[in-house]
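There are two complexes below, and they share subunit A, which is joined by subunit B in the first and by subunit C in the second.
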Partner chain A sequence: MINAVIFVLQETLEAALLISVLLALSYQQKQPIHWLFTGLLCGLLFSALYAANMPTISEWFDYVGQEVTNASLQAAITLFICLYAFSLRRSSSPSPNPLFFITATMSVVCAITVEGSEIFIYMTGFFQQKSHLQTILIGSSIGFAIGLSIGVLLFYLLRNLNNKLLRFSGLCLLALFAGNMLSQATLQLTQADWIPAAQAVWDSSQWLSESSVTGRLLYALIGYEATPSMAQVVSYLLGASGVLLFANIKRLRNPLSS
Partner chain B sequence: MQRQPNIRYWRWLTLFCSFYCSTLLAATPVIEISIKDHLFYPAEITIPANTKVKLFIRNLDPTAEEFESYELNREKVISGNSKTVIFIGPLPPGEYPFFGEFFPKTAQGKVRVK
Partner chain C sequence: MTSIRVFLVVVILAVFTLFNFIAALRGYQSSMEKAEQLFDQHLLETAKIIANIHTENTANNIDHNSHIAFQVWQDGRLVASSSNTPQQPIAALQSGFNYSNFDGYRWRTFAYRNLETSHWVLVAERTDLRFTLAENVILESIFPVLVGLPVVGLLIWLIVSHGLRPLRRLANEMGSKQPTDLSPLSTQAPQQELAQIVASSNGLLERLETSLQREKQFASNAAHELRTPISTLKVQLYNIKQTLKQGAETDALEATAQRLEHIVEQILALYKNSPDQYNARFEKIELSELTEEVLAEEYPYFDAKQQQLEFNSCEAHIMGDPFALKTLLKNLLSNANKYTPAEGCIKVSMTKLEDHLLLSIEDSGPGIDAKQRDRIFERFYRIDGDRHPSGEMGCGLGLAIVKHIVELHHATIQVTPSSFATGSAFKVLFPLHQPENSNHQPGTT
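Then we have the complex of A and B:
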């Protein structure tokens, strides 16, 4: 059962982290939260479709279709988060912000498609094998509930901050998330042999193993890798700095505006 | 008359690229692994050091499995009754465990790099 708990928790945490930050910033920006329902609904639909077509998609590009699709979705998440950061206004205003709505929706759709599809495939397997079904269902529910609770906790922590601190913390968390996504996209393309594999830049597995519960949770939260390649480190920094750059692009272009 | 050197240049370039690509393709050893009853066959494989290897994995079970290895930095879902490819290496000598994340109690394996 513990495997089911950790597996579902790990998959849920990434999406829960993203949604809580987007939601907290939505309130700070006084924007409606229609994007959440649209994103959740479309994300669940696409993740079910992705999971159902996984055998066919995996055979694309000489059996590396899954890596290429995942990498494209993860790179798309990074791009949408950068544009989301760009759409944030310095002063909150209830006037409609279409870019905010589109980028928040698309980030959630892509994140749930990637993470949700694995949960769908995992659960489907056990629906065929009735022997472990009850244990897996309980374990998965616990994992999902813990992931959701951490997301809710983070949301309320952010909501209790003042506007300036909420914007700063939210952007920092989004930067880590975007860096994580771009780093994972690079890893997927390395696995597919589209990017040449290279030796690890460092090995921190002796201090914190990726296989430990803490390591797995940190992987889901901030993209912790014990043995990352140079391409992963560079893409992590690119993704993270991209968000911070896009968030401040208006101020950089017109320093006197705020 | 002036186009002749260009054609010759492109011929040599095509020939070089074909040779280079065929060398690259030929140089990647393929190792086949099967998944049956949530077990890897063979459970241990040996590969040469500092060489890229293509793992060709067949999942003979009706249920999906996820090939996972923290040491190899690899993770891939393999649907039931399907086949897939995962590239690993070049790696320094050592032992790199891998497992099936959906059935970790039984699906265990190891890559020995010599």
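Then we have the complex of A and C:
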């Protein structure tokens, strides 16, 4: 059961973290939240389709289709988050912001597709084994509920911050998330042999193992890797700095704007 | 707008879920460890029992599906075993617990050395069955926590709703207050958290009432204090005019004094008829009768300009304040009179609709540009300012007063072009008085 809890929690937590931050920033920007419903609905639909067609997809690109598709979706999430950061206005305004709506929707659609499909595949695997089904369902429900609760609490925590601090914290969390996504994309491409495997830059498994509960939760939250390769470190930094750069690009171009 | 109830329910439920499930997971882990210890203890005792039974037969009644297996070895010879064990030792001949694989499963093993008989007793138990058994027992205790979550959510919702009821009651009480009602809020056993709000609001209402009373007093005093010197001024001007026998300068002075008097009267009327201030005394009114009365009073002004006056009325009752309605009719008729040229036409008509009464005052004056129609009800707004082509005296308050009276009667006013070749029509739509069991027929006069 613990494995089901950790697996579902890890996937739920990634999506909940992203949605909480986007939602809190939506309220700060005085923008409508239709993107959430659109994103969730389309994301769930695509994740079910993705999971259902996984046998075919995994045969693509010489049997590394799943890795390559996941990496593409994760890279797309990073790109959409960067554009989302660019769409944020320095002063909140209820006037329509189409880029904000599109990027928020697409980030959620891609995130739910990746995370949701993994849960779908995991669950359908256990639907064949009736003996473990109840255990897995209980474990998955607990993992989902914990992930959702953390997301809700994070959202209200961010909502209670003042506008300046909310923007700063939200962008930092998005930067970590984007870095995590790009780093995971690199790892997927390494597993597909599209990027050469390299030696680990460091090994922190003695202090915190990746397979421990804390390690797996930190992986979901900030993309913790005990033995990351140089490509992963670089992609992590690229993703994170990309968000911060896009968020401040308007100010860099016009330093006098407040 | 954020809801306190939604916030409290969602956050409490999230905190409850988080801590309850984390506690359940901790409980699961420690229960599994405890169960493991119990199973090991059971295995150890089984080994001791077997060691004390001197048998040298194979236990055929322990089949391949059994979750337990054993072997008894003496001097390298297998002297007894269950049928589901191989011919080799199922565990190392070394006292203690260990794991091994045989018969297609993974087993938890225990090796026991009987010193008296020199027997090695090896017992084993299937790990998957041990795990499933322990987990099923523990899940039985976690399952109610999971199933009970919606019930907890519902209970939290009900409790929070109940807790917020005094706040909702206070909000309703404040919301249902009339604009003129400055009485203190009910302080019947307020909750500790609300007592401060009620006390502050009551203090504010008290200060507001004192301030409004002072303002009313000021308006009443100002009316008296301003009207008296203006009346005196007008008498003095009349006397000067009689003495000097010179028209031009004194006429201008008299006109200015008249204008001053008009402005003061209009400002006071505006203040008195403000919906926030006006203490209306509504009664059932036959509007056509009131209109006739006002027309009779104003007739000399129409006659002076030789204007044609047409009046079509119908019998209809509305609920209204006679004084305020008289002011409304006077202002609209005065405007029609002022801005309609000599020998022009003015039509006053009343039409009974399904549940409304339409009062229409039309003139054949120059009319009002569509862009100006909304602005004419603003205070001190006059078309083209003081250079109004009519050259009529005015201060731009008449229609603002009309608007106040219309609002006071829950009526609506609309300005449209008149049915004449030129001119405007002011249409006021009053809600009809609806008496209980009413069955009256409309009539015309």
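FYI, the second predicted complex is superposed on the first by the 258 of 258 C-alpha atoms of A that agree within 3 Å, B and C clash if a C-alpha of one lies under 4 Å from a C-alpha of the other, contacts with A are read in each partner's own complex, and residues count from 1 in each chain.
Here is the rule we use: a contact is a pair of C-beta atoms (placed from the backbone, for glycine too) under 8 Å apart; a residue touches a chain by one contact, two chains touch by 3 or more.
What you see is a predicted model; the values in this text were computed from it and never measured.
For the composite obtained by superposing both complexes on subunit A, the positions of subunit B and subunit C are free of clash and fit together. Legend: residue contacts after superposition of the two complexes on their common chain; A:Gln66 is shown touching subunit B, with no touch to subunit C. When the shared chain is aligned, no partner comes close enough to touch A:Glu14: not subunit B, not subunit C. Number of subunit A residues touched is higher for B, counting subunit B against subunit C.
With both structures placed on the common chain, the touch criterion links A:Ser141 to subunit C but leaves subunit B unconnected.
Superposing both complexes on chain A places the Cα centres of subunit B and subunit C at an angle of 160° as seen from the Cα centre of subunit A, in steps of 10.
Applying the stated contact rule after C-alpha superposition, one finds that A:Met1 touches subunit C and leaves subunit B untouched.
Contact with subunit C, but none with subunit B, is seen for A:Leu153 once the two complexes are overlaid on the shared chain. Of all Cα pairs spanning subunit B and subunit C in the superposition, the closest are 8 Å apart.
Those residues of subunit C whose C-beta lies close enough to touch subunit A in the complex are 7, 10-11, 13-15, 17-18, 21-22, 24-25, 28-29, 132, 135, 139, 142-143, 146, 149. Taken together, the subunit A residues at the contact with subunit C in this complex read 1-2, 5, 131, 134-135, 138, 141-142, 145-146, 148-150, 152-153, 156. Those residues of subunit A that touch subunit B in the shared complex are 3, 7, 54-55, 58-59, 62-64, 66-67, 118, 121-122, 124-126, 128-129, 187, 190-193, 197, 199, 205, 209-211, 215, 225-227, 229. Against subunit A, the residues of subunit B that register as touching in their complex are 52, 54, 62-64, 66, 70-71, 73-90, 92, 101-102, 104.
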